[in-house]
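Two complexes come next, and they have one chain in common, chain A, joined by chain B in the first and chain C in the second.
For the complex of A and B:
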């Protein structure tokens, strides 16, 4: 049995309500960093709250380290939690906040003091012990919240959109900080987010969720490059979709407005007919040598710094094309005619 | 604001309001100082303080005030906390209920209390102690709108639910959450509710009068019926007491860092 076993968890809020979480099962190994990724209302936070013990599952069970905790109250699960709203206790100093869990556990004062010092060192705020939460910035408050959750040495760390209330720069900084600390402590962690960039950059595995169900579980590389459902494909990263006619379901050959295109995978429903061909913007190459070629007209050129994003009209559809910036890059002019190419292995057919 | 700072209308209204408020007050004060013909003395105040009945009734009312405050806090803080946490949909209903003392006259309340609790099986008006229990219950109801509002606003200023969950995830049980997290962060709210409750009880007349208890309100009426200068002095005194209460609220809610109601 894995370190954390979530089996068949289902949650209804009220007898008539639909399932907020529907038959969620997942095994998480010790030391793994798992992200729950999905749009708001997809059930990711509810699942996390069931693991934390703040919600009682309507069905299913949660095992931590082999122990069924389904009916153990939140305060006896030894699970650390970090909230989007920081939730530091306003009446306590940073040191008192971090030491709160240890005081509740009845640890001796000397031990608490030592442990608080270690934790403040870990979050790199050693000089802030005597400050009050309202004297700290949002990013600092969230670090303290992290230290507070870690001080009690929880079996499991749960983070509920911890960076959503922070501005972009702090977010990226704190993101790598969270990962560093998690690696240092080898702590089993679940991270809830709607931000795909966070999930992709932090996680060992990502759980993509939609409408209370798991869409796909996999490493960031698998999720991004081999999405198994249309939802995952469109939710994670940008995706171009071409309406095509499948000509050979077994090889994945098809035509787009008369142009023959090759894909490397068979059609998902194994039959000819209408389908959509999916391709990531960065796989499209301007005037390249790929097997598939489409010609179109440039609609717009957006320079984003490291990436240049083009919009190109091909027949009846508009495609996004991403190119890496380099100093010798020659940008096509708006209205210029271009040929886009991509290899067969870069695209796949969807229903 | 880009408007002129010396808008004459502003000053006119400030002056009118100040006069409206202070002229009667000054008049009462002036009158209370003229007990001795042709002199300006504190004689009326001396007489008030020299009357043992004044001190007794003040002591009684103050004691009842403190008891009422304690009962109100014990009753309302956990109740409102629970409503915020578990039954947020019930909040408007409870809020409406707490307004009832404003709608139902005190005289109706006291008759209801007497009719229900003075007959068997309660017979609560038979002894002074049980009558005091009854009057405390009445005071709690009378001050309910103030206490509820103060604590409710305090609860809304902090994120009760998330703070509770944060404390729980760190191992804290319900009592721990209540006493280490909720109460300290509601200090200002509870204190302001308490002081208004205290002032309400000390100035209350009808409950004490009908339940025949030696409170300050009935005493003031008796004094007012038979004397001229002392009631004015008493009026100024009770006004001063209320102001002191309000002053303490102001002082504390500005307060130092530890008493900040919310983190910023």
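For the complex of A and C:
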């Protein structure tokens, strides 16, 4: 049995309500960093709250380290949690917040003090012990919240969208901080987010969720490059979809407005007819040598810094094309005629 | 400059009102407390405050105010807790809040009359309680719930306290409900997550966070009871001597009245309230130091 075993967890809020979480099963190994990724209302937070013990599952069970905790109250699970809104206790200093878990456990003051010092060192805020939460920035508050959750040495760390209330810059900084601390402590961690970039950059494995169900579980590389469902493909990363006619279901050959295109995988429903051909913007190359070629007209050029994003009209559809910026890059003009090419292995057919 | 002054014009009536009906009378009152009937300076009125009769009135007023602000405060707190954290049904919540809005402002003669009609010597609640009787072993009638036989009287300090509670606890509900709603669910969950019991959460977080609001609300309750006049006057006909009732006796202009002593009494009330506010400020400073630093 894996370190954390979530088996068939289902959650209904009220007898008539649909399932917020529907038959969720997942095994998580010790030390793994797992992200639950999905749009709001997909059940990711509810699943996390079931693991934390704040919600009672309608069906299914949660085992931590071989122990069934399904009926263990939240305050006995020894599971650390960091909330989205800064949930620091406003009437306590940073040190008191961090030491709270040890204090309610009746630990001696000297031990608490020592542990708090270690924790503040870990989050790199050693000089903030005597501050009150309202004197800290959002990012600092979340660091303290992390330290508070870690101070009790939880067997599991749960993070519920911990960065979504922060500025973009702090978000990126803190996210690598979270990963560093997690690696340092080798802590089994579940991270809930709707931000694919966070999930992709932090996780060992990502669980993509939609409407209470698991869409796909895999490494960031697998999730991004080999999405198994249309939902995963479109939710994670940007995706171009071309309406095509499948000409050979077995080889994945098709035509788009008369232009023959090759893909590397067979059509998902194994038959000819209309389907959609999926291709990531960064796989489309301007005037390149790929096997598949489409000509179009540039609609717009957006300079985003490290990436330049073009919108190109090809027949009846608009495609996004991403290219890496470099100093010698020559940007195409708006209204210029271009040829987009991409290799067969870069695209796949979807229903 | 002129344009911005124009924008502030709305406060003009307010200041005119305050000057005419607060600053001016208060100055008058202060001066009057140190004057005799002819307008000469004297300390006799202040001396008069320390007569046993008047000291007793202050004591009764303080007692009634303290008892009702604490009892109303505690009762109101639990009602507010029930309709917020206790997840009472929506209709209970909205009807309780509406009731509180009404009852907190329901005082004076109508309130006194309502209580006389229910809990008075011949009130209908008294009558119902009186009628609960059974026959004892020796065939005599025993009525264990007769409130007046048990020593209760609506026309006593206790009766007055019960009556005041009627507007005290709704006031508490109105004032404290927003504060309780301000307690974040995450605080509770974070505490629970860190191993705290519900009791530990309340003792270490919930109560300390609410304390400044509770102190402020209690002061408000104290003030509203301390200054109440009509309810007590109508309920007891002036038989319970509160400071406000004694003031009424002095300034009503009957033969026994001494207007300047009335001024001095009012000044004494101002001093008591000022003391209470100072005490509040001191306690609040301690209770909310985490907010200020």
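What we mean here is this: the second predicted complex is superposed on the first by the 351 of 351 C-alpha atoms of A that agree within 3 Å, B and C clash if a C-alpha of one lies under 4 Å from a C-alpha of the other, contacts with A are read in each partner's own complex, and residues count from 1 in each chain.
FYI, a residue touches a chain if its C-beta (ideal position, glycine included) is under 8 Å from a C-beta of that chain, and two chains touch if they have at least 3 such contacts.
Fair warning: this is a prediction, and the values are worked out from it, not measured in the lab.
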| item | value |
| --- | --- |
| Fit or clash between chain C and chain B when superposed on chain A | clash |
| Partner chain(s) touched by A:57 [first = chain B, second = chain C, both, neither] | neither |
| Touching partner for A:340 - first (chain B), second (chain C), both, neither | neither |
| First (chain B), second (chain C), both or neither touched by A:312 | neither |
| Chain B versus chain C as contact partner of A:202, first or second or both or neither | neither |
| Footprint overlap on chain A, comparing chain B with chain C | 52, 54, 73-76, 78-81, 83, 85, 87-91, 100-101, 104-105, 132, 134-135, 145, 148-149, 152 |
| Chain A to chain C touching residues, read off their complex | 52, 54, 73-76, 78-81, 83, 85, 87-93, 100-101, 103-105, 132, 134-135, 145, 148-149, 152 |
| In the complex with chain A, residue positions of chain B that touch it | 158-159, 162-163, 165-173, 176, 180-181, 184-185, 187, 257-258, 260-264 |
| Chain A to chain B touching residues, read off their complex | 52-54, 73-81, 83, 85, 87-91, 100-101, 104-105, 132-135, 141, 145, 148-149, 152, 158 |
| Chain C - residues contacting chain A, complex | 184, 186-187, 189-197, 200, 204-205, 208-209, 290-291, 293 |
